[in-house]
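What follows is a pair of complexes built around chain A, which joins chain B in one and chain C in the other.
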Partner chain A sequence: MSLSLQSGGTSSRALPHPSTSSGLTAPAEATTRPITTGTSVLGIKYNGGVMLAADTLCSYGSLAKYKNARRLLPINSRTLVGASGEYSDLQSISDLLRRNALEDRCTADSLYEEETESEECAKEVWSYLRAVMYNRRNKMNPLWNDVVVAGFKQDADGTTSDEPFLGIVDKIGTAYEDDILATGFGSYLASPSFVKSTRRIWRRVRHVPCGGLLEDSVL
Partner chain B sequence: MASSGSGYDLSSSTFSPDGRIFQVEYAHKAVENAGTALGLRCSDGVVLAVEKPLITKMLVKETTGRRVHTVDEYAGVAITGFVSDGRQIVNRAREEASNYDETYGTKIPPRTLANRLSAYVHYFTLHGALRPFGCSTLIAAYDPATKHHSLHMVEPSGVTYEYYGAAAGRGRQPARTEMEKLAINPKQVAASGDGEGTLITCAEAVKQLAKIIYSLHDEAKDKPFELEMSWLCEGSGWKHVGVPKKVIKEATVWAKKEIEEAEGEESEEEDDEMEE
Partner chain C sequence: MFRNMYDTDVTVWSPEGRLLQVEYAMESVKQGSACIALRSSTHSVIGALKRSVSELSAHQQKILEIDDHLGIGIAGLTADARTLAKWMRNECLNHKYVYGTALPSGRLVTDLADRHQRTTQSYVRRPYGVGLLVASFDKNGPHVYQTCPSGNVYECYATAIGARSQSGRTYLEKHCESFEECSKDDLIMHALKALVGCVSGDGELTRENGSVAIVGKDQKFTLIEGEELQPYLDRLELEGGNNGGNAEEEEDDDGEAEEMET
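Up next, the complex of A and B:
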């Protein structure tokens, strides 16, 4: 029951490695616990769009280590992604999604800026992330995040629709879509009062009051 | 005139007695017979243009047989010659750019991209089992770190240079002559102008390139063609995008008018001469 970093901390959940390891290459480890973490991300749909809110703190256990960390990241012109949990995994997810977005741009049917049908819409990014997270879970090596995906859907002809999208994918690959979402503690503290006040009328809530609501919740 | 290969041209891993590798020269020939590709470096960006011959009337011209490709956010390439060979190079360029960003966290500098592609193309010129690429690649790229934009061209031999203006394909010789007349070389512009010469802008370059391509095109002999143009410039946020169709159309109209006027003047001069 070694507690060394090499064996992954508490070794009971680490992947088994061959006992005759040469000692030169470290055995592949699975993520067993998050180290540098971000807390809640809140998301809410409103009339004309969707808004995300998150604080900029990344904690190292009980230490407030990184005070200006961005946890909300744009992927393309239609999609925004925010995550709580392990910050390095968020960076990895962000790199992956941006790489995909660049590939989409390069291999698009058209060279012309006006035609942006090649971009993945928010719902597609959400579905893709679900597959990624579930896949990692099945290998017993999850990306330790709850990811919120926000943006716009796309119409049948591929152009950006007016209909906003808000979805969440958690570390075990559960994907869920709703008008109001929150990860972590936000889902216990902020969501309920949100939901109570705005669920039925979100389509009538406009941009500015929505921002105010979210700010109050984050604080 | 190329001397006869006579046995030294069977493999790209064989030198001829006079120090040539014939396979690479033959690869160049493949490019020389293909549609013209032009690139111009301007004061505010880089413009690429390719003459895409429409081999049959049945082609859906907008999306098939593309010659200009985006390889990175701030980089694009134009290919001419064997387009399928070109596709390989485009894919490699995308991999190089993506890889560089993943490793170093920054966009690949234009010169590095050109050198990587040059090394890749060169590799195929020294294996007996492989043949050289039969295409030339023009690379337009912007480096967000240094804020410099540049134009490079990689030839089938693997040689690469940075250019103010580059041409490959059928009409490259006349194209080069025409391009040299444009204000693309800062030293020449500074020297010749009355101290007030300015470098050509992308908007102007689009028109000039259209004019060059149209003037090289022989209605009777060559097949009808589509003009593919792209740029990366301040106006596009330095991203590599297609030149808006409206702009190409205006450039084409202007180009045709200029060519007609030039021909009109020529025939007037001939008439004058004949009268005398």
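Up next, the complex of A and C:
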């Protein structure tokens, strides 16, 4: 099993080695276009945390093919990930991150059990994804997603703080943090009105109104 | 002695179930000059006695910074220590690049132990002849670890390795209850006092041969040597004398003079 950046962070080889092919296998290909796609993911910080919203549709071109697809996924108890773009790549990313989280749980960070906080925090997941996406881009075989990572920040000494964290990584490895984020069309249609109304006061927005705001935007 | 029949290769067990080559490697650690480490609830400190080959040469560096949150004190083969330090620095940097945060020391130390173990199970390699004291401050708080050529890693509240380190350990055991709540400076003083007992003969702890490093909450790994060490050495004079080994000429400080271990 390889989690190294070398192999793009996954154990399955996206590009079969030409020298080992039997001659009957198809030539190696890289992702050039997305096939099964999800649309926008919206994320905003509020008083008490961070909230993500997304619809449950995966389209096959213009066909509304999968109507109950989950695009928001918990990674560990501290992190939430949502993505638009190619759905199979999202599943691949989700597998990778969950595998990492499992390894984290199995690897003692300390030799003694009293130590806790061995889970990756949201910022570490975001930074890791940036490294993976950028690495894939450099091999001209990107994971065709815009990924939103949500969770809580870590204090300097590593304990989870109350400060919410919201970051985005795109298919070419650009990583960016903000209080309000959206991928795809959401960044054109929903973000601007969010930003106008809540950017400076997000700390005062409570849980229920925040949910309402997002629901309206998704619809 | 019969030992000799089973000590040529690291891959050979002795009849008592020991790997003699590994044990010989641990002897090498005992030949190095003393190194102390201890921690409070907020900081970890390393103290070391630097040796110089001759009057004309500089004193050998014993404390190496690995990252902002982690450093090591070494005893034994310096060259082996530098190889390990290079690897540790690389690991820390890689982690920072990928995850954006400091590498948890527990993880680094476990991987370090695995590296040591590999050398004890190979025909073509030899164990690292150096013991490390790893002091760190990360998301799980301050830590002190001790590594051996055997691949064992011990986490400690305080420990000492190297030549004449038993006197250091005795001092640390005596005072270990008080370390938890110590201030930064008091912790450094404890390290120096433990170190004094490890100086040979009638030598002294000076700013040439003494070396201290501290890391902790809001404190990056910082080496204190030379001029910067002098205030602590002055305080050491006041508080109990600065003689290695022999307990003569102690400055009595209203009965608070520390007993120097021989």
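To be clear about the criterion, the second predicted complex is superposed on the first by the 187 of 219 C-alpha atoms of A that agree within 3 Å, B and C clash if a C-alpha of one lies under 4 Å from a C-alpha of the other, contacts with A are read in each partner's own complex, and residues count from 1 in each chain.
Here is the rule we go by: a contact is a pair of C-beta atoms (placed from the backbone, for glycine too) under 8 Å apart; a residue touches a chain by one contact, two chains touch by 3 or more.
Because the structure is predicted, anything quoted here is derived from the model rather than measured.
Looking at the shared chain after the overlay, A:57 reaches neither chain B nor chain C. Using the contact criterion defined above for the overlaid structures, shared-chain residue A:95 touches chain B, although it does not reach chain C.
Taking chain A as the reference chain, the count of touched residues is higher for C when chain B and chain C are set side by side. Of the two partner chains placed by the overlay, only chain C lies in contact with A:154; chain B stays clear of it.
Of the two partner chains, chain B is the only one touched by A:103; chain C is not. In the superposed pair of complexes, A:127 makes contact with chain C only, with no contact to chain B. On chain A, the surface patch touched by chain B in one complex and by chain C in the other comprises residues 108-112. Here chain A touches chain C in the complex through residues 5, 107-112, 115-118, 120-121, 123-124, 126-128, 131, 154, 156-159, going by the rule given at the top. The residues of chain A lying in touch with chain B in their complex are 95, 99, 102-103, 105-106, 108-114.
For chain C in complex with chain A, the residues that touch the partner chain are 97-102, 104, 106-107, 109-110, 137-141, 143, 153, 155, 217-218.
Remark: chain B residues 62-63, 66, 68-73, 94, 98, 102, 228, 230, 236, 239, 241-242, 244-245 touch chain A in the complex.
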